[in-house]
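Below, subunit A partners subunit B and then partners subunit C, in two separate complexes.
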Partner chain A sequence: MAEKASPSSNSISLKTVDGKIFKVSPAIANQMLTIQPLIKDSDSSTIISLPDVAAFHLTKIIEYLEGKPAAAPSAVDAFEAQFVKDLSPEELKGLLIAVGYLKVNGLVDLMANTVAKLIENKSVEYVRKFFGVVNDFTPAEEAKCRQEHAWAFDGVDED
Partner chain B sequence: MDNILCDELLEEIFQKLPQSSSSSLSLVSKRWLHLHRSSTTSLSLHLSHHSSLSIILSHYPFLSSLYVNPSSSSSSSTTTIATPFTLSSHLLSVVSSSCLNLRVLGFHVGPVSLSSLTSLSKACTFLTSLSVTLPRPIFLKWVLSFPSLKHLSIEFHEAEVGNQHGVMESYDFDDDDDGDGELGLESVCFVGIHGDDYGVGWLWRRCKKLKRLKLQKCQGIGGSYSCFVKCLEGLEDVEIRTCRAVADLVLLKLAENCGSLNSLSLYDGGGSREALLYFFSQCSSNLNKLDLRLPMDLDNNHLQSMAMNFRGITSLRLQSCYLLSGEGLKAIGMGMSDGLEELALINCDVVGREYGLLATLGQHLRRLTKLDLSHNETLLDKDLISMLVSCVHLVDLRLRGCKRITGMAMVSMLRSCKRLENVDVMNCFGIESEAIEMFIKKSPRLRRIEVDGSKVSDAVTMFASNRFIEVIA
Partner chain C sequence: MPASTAADFSSLPYDVLIKIAASFDHPNLLSASLVCWSWCEALQPLREAMLLLQWGKRFKHGRGGVRQNAEKALESFLKAAARGSALAMVDAGLMYWGKGERDKAVGLYIKAAELGNHAAQCNLALSYLQAKPPNTEQALKWLYKASFGGNVRSQYQLALCLHRSVGVRSNMKEAVAKWYLKAAEGGYVRAMYNISLCYSFGEGLALSRQQARKWMKRAADRGHRKAQFEHGLALFSEGDMMKAVVYLELATRAGETGAAHIKNLVLNRLSAASRDHAMSLADSWRPLPSS
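The block that comes next holds the complex of A and B.
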């Protein structure tokens, strides 16, 4: 399924957590900073496994790295807007984590930005649920922090 | 379960959020709170509970910028009026002892003492930008103890504080030669100087590297003009706001002593007929930008000498000038035809009064990229269109509050100005919504339009957002 990547002999094989193997060109693989040191030592027979990355996410990452226009910033903006447009919140979250793990050039920024916009005006409860975070504040601690934020910061409304 | 987002990613997300959202999200968990606090480098506080400032600041160990303002809701609270000086000085010393990495500090809780500034200078040795309120009498020698300071902004407090002033200083005005007294300041903004604030004169003599000067609500320049002229030589950018008492002399001294001026802004009166004329005819600087708002006495003679002397001007803004006639503006058109790129004639009745003036201006000023004709209530379609046909390079066009122009003007904008990216037609009651919608749909490079909300349907708003056009209603 990954044969769209360069078929040349020195392509790199990446194995996702759900067992799919992707062959990508070194130019693409080198933009994933986490696996960069592994690429140097690998030959065509090595398979680099990515324990935190699912096939869906790797497909999207490769799509981004291959499709990103090198030209004008406005073209990049349009491409990036299109890239994240149809992703669901769950997909965005998964992709953010995968991208963060692989440290993909340019994509960390885009995903963090997109997720930031997604949670910007959401309640604290929504964000806890979304990221599966358990609230470890005692009610008194939480109330104290809320109070501090309410009067100390610019433009925060109490909710 | 809290660790599906690693610290790095979470910090990355915090950085993308505005301060208000990121600080409320820090309540998600203890880890989030801790990360948020340690990744915050810039904080803006509105103080209402003074006692907690040190606790708050202790939570943010890596602040490089801090702005402390009085609480907006309780600006008239009794505590700040009763002990303004001791309390605000105390709060400044809290800042000194809590934030050691500050580069930028804006502190406007109240006037502060010299001793609190001295302790600030010992704690925050890398401070490059400082904005404070000072009590009278004015002493500024402490500026020497901030070796990295580049930007200084001081508001002088009306009330005298007398002998609570902390460290006493005195100035020896005959002593002009203390060689180590040179200041590295590049930009200075003073609000409310009086004629007898001699401490300011001390500073003028030591600012040889000054590039930007801003004076607001000043009744004097502090001491003698012979001190003041020492700082003028290298100035590039000057703004004078509501300083009727000193504007004339400042203009005079600028014309005589400064050859590097690039931009001059003069707001709210100031500049008598003679002083303006002297400045426009004698100034040897190659001005690029001139911004005059409500210059009471500005007339055609001024524009003519401006056109003769300042041929390098690229941006000219005239607001609320009532003595002008077409003759003066035509002189501008001819004199500045090679360089002028931005022109604003805001609320200048001559624009709507003289038929044919705009057509002439358009023919001379073909290189204009920005044009602002806002608040000219008598401006008619035919005048505007006669100018637009020549201004084919316009990128930015503002017609806010031009009540008489209609959809005809929008059609002409489409036809002549194909490079328009920003358009403001707010409060143009003569333009009907069909014309606005047609313009949004057909203008090839439009990026941003400001318009009355009632004139844009949901469908057009959708269309605009799909094309990345910002509609501001």
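The block that comes next holds the complex of A and C.
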């Protein structure tokens, strides 16, 4: 995953799948849990390759990590709300994959919550279409999944 | 621009899918499970958790042919929580809180709150407020999160917390009124009562007797006893003795002792037939649903 580059500063170099190199501070890189172990052993000449992350998504991730206000609770929420609002559905989906792969502090939860709100109370067909997922169940498998546990919920009061 | 390579969402990592569905109810969980084979596999632990959660509730309340057993309820909730269910984390947290094991409760609330569960965020905030010394900053952080997410209980608690922590600073009065109003519009009864008071004193928004009366009636009709008393007094001053006596009777029955005296005054001015009618109205009264 790591290769050598010409030494420059104390920053960490990250190379995206589309070949762009980003220099970030260790404080920022350390919040991407997947690459954390690589940072410990790397020096300023190391380039860490991110095979599942495109430059656009890494830009958004860095924007989030650098821009998130440290204090003022209402400011964090306003920042996160705006961050999500600025994303198109396509961008949102791509970012979800990138963030899930890198395990970015805070952002995994934000993306997961955002997607949860988008698909909650929607039909199965809507969710398939939204994510571009093909139904690969055989009818028998689908029926089995529908039946599974269904008996247990008959006649149970919600509270 | 986004990557040109089309991402395959059937292969979303299992842990990400579990985070997405952590607070889903059973129908939503089943829907997500039916999207494709790998989602179905990924969400298997959460479907198991849903069963454990139901068993936990049966043990907690002693229903569904099961004898009440707090130990077994907690055990079921914890097993469900271990499978990633934020709903179960909240239930397990509540049981620990009830047993006085606050640290364990808070630990579970934190996990569920980070998964985006609004009930957990609200409970976590309240536990920060009750800590000694209270941690208002952390409490506000979670109350804001849940409030922006549309949780009415948090909106009410946020208004209350701002109200208490800022005191009379006038620039915050508007924020207080704004969150009371949001919670009231979402159906939270105590917020209806408080926003009525804000309107009647012009606190944080323009004074409006009409709005104050409207929200007081709404709170009263949903069973808020102080609102029933207040609304009864308003009807009394408007001369509508019949309706006034019904609300005053309801307030009295709910334990609002101050209402009894004025109610008796009004009752004495009504005919026997009207009195009986008022009492039968109070007998058949049921609160409107609220959240």
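Simple rule for what comes next: the second predicted complex is superposed on the first by the 125 of 159 C-alpha atoms of A that agree within 3 Å, B and C clash if a C-alpha of one lies under 4 Å from a C-alpha of the other, contacts with A are read in each partner's own complex, and residues count from 1 in each chain.
Just so we're on the same page, a residue touches a chain if its C-beta (ideal position, glycine included) is under 8 Å from a C-beta of that chain, and two chains touch if they have at least 3 such contacts.
Since we're looking at a predicted model, the values are computed, not measured.
Asks: In the overlaid three-chain picture, which partner chain does A:Phe56 touch, first (subunit B) or second (subunit C), both, or neither?
Replies: Once the two structures are laid over each other on A, A:Phe56 reaches subunit C alone.
Asks: Could you say whether A:Glu91 touches subunit B, subunit C, both of them, or neither, answering first, second, both or neither?
Replies: second
Asks: When both complexes are superposed, which of subunit B and subunit C contacts more residues belonging to subunit A?
Replies: The partner that reaches more residues of subunit A in the superposed model: C.
Asks: With the two complexes superposed on chain A, say which partner A:Val76 touches: subunit B (first), subunit C (second), both, or neither.
Replies: second
Asks: Quick one: is A:Asp18 in contact with subunit B, with subunit C, with both, or with neither? Answer first, second, both or neither.
Replies: Once the two structures are laid over each other on A, A:Asp18 reaches subunit C alone.
Asks: Look at A:Ile119 in the shared chain and tell me whether it touches subunit B only, subunit C only, both, or neither; answer first, second, both or neither.
Replies: Touch partners of A:Ile119: subunit B and subunit C.
Asks: In the overlaid three-chain picture, which partner chain does A:Ile47 touch, first (subunit B) or second (subunit C), both, or neither?
Replies: Touch status of A:Ile47: no partner.
Asks: Touching subunit B and also subunit C: which subunit A residues?
Replies: 77, 81, 96-97, 100, 108-109, 112-113, 115-116, 119-121, 124, 127-128, 131-137, 142, 145-146, 148-149, 152-153, 155-156, 159
Asks: Of all residues in subunit B, which touch subunit A in the complex?
Replies: Touch residues, subunit B against subunit A: 1-2, 4-6, 8-9, 12-13, 15-21, 23-30, 32-33, 43-49, 52, 55-56, 71, 468.
Asks: Flag every residue of subunit C that touches subunit A in the complex, lowest number first.
Replies: 1-3, 5-7, 9-10, 12-13, 15-16, 19-24, 26, 28, 30-37, 39-40, 47, 50-51, 54, 57-58, 61, 63-64, 114-116, 137, 140-145, 148
Asks: In their shared complex, at which residues does subunit A touch subunit B?
Replies: 77-78, 81, 96-97, 100, 108-109, 112-113, 115-117, 119-121, 124, 127-128, 131-137, 142, 145-146, 148-149, 151-156, 159
Asks: For subunit A, which residues are in contact with subunit C within the complex?
Replies: Listed in rising order, the residues are 17-18, 54, 56-57, 73-74, 76-77, 81, 90-91, 93-94, 96-97, 100-101, 108-109, 112-113, 115-116, 119-124, 127-128, 131-137, 141-142, 145-146, 148-149, 152-153, 155-157, 159.
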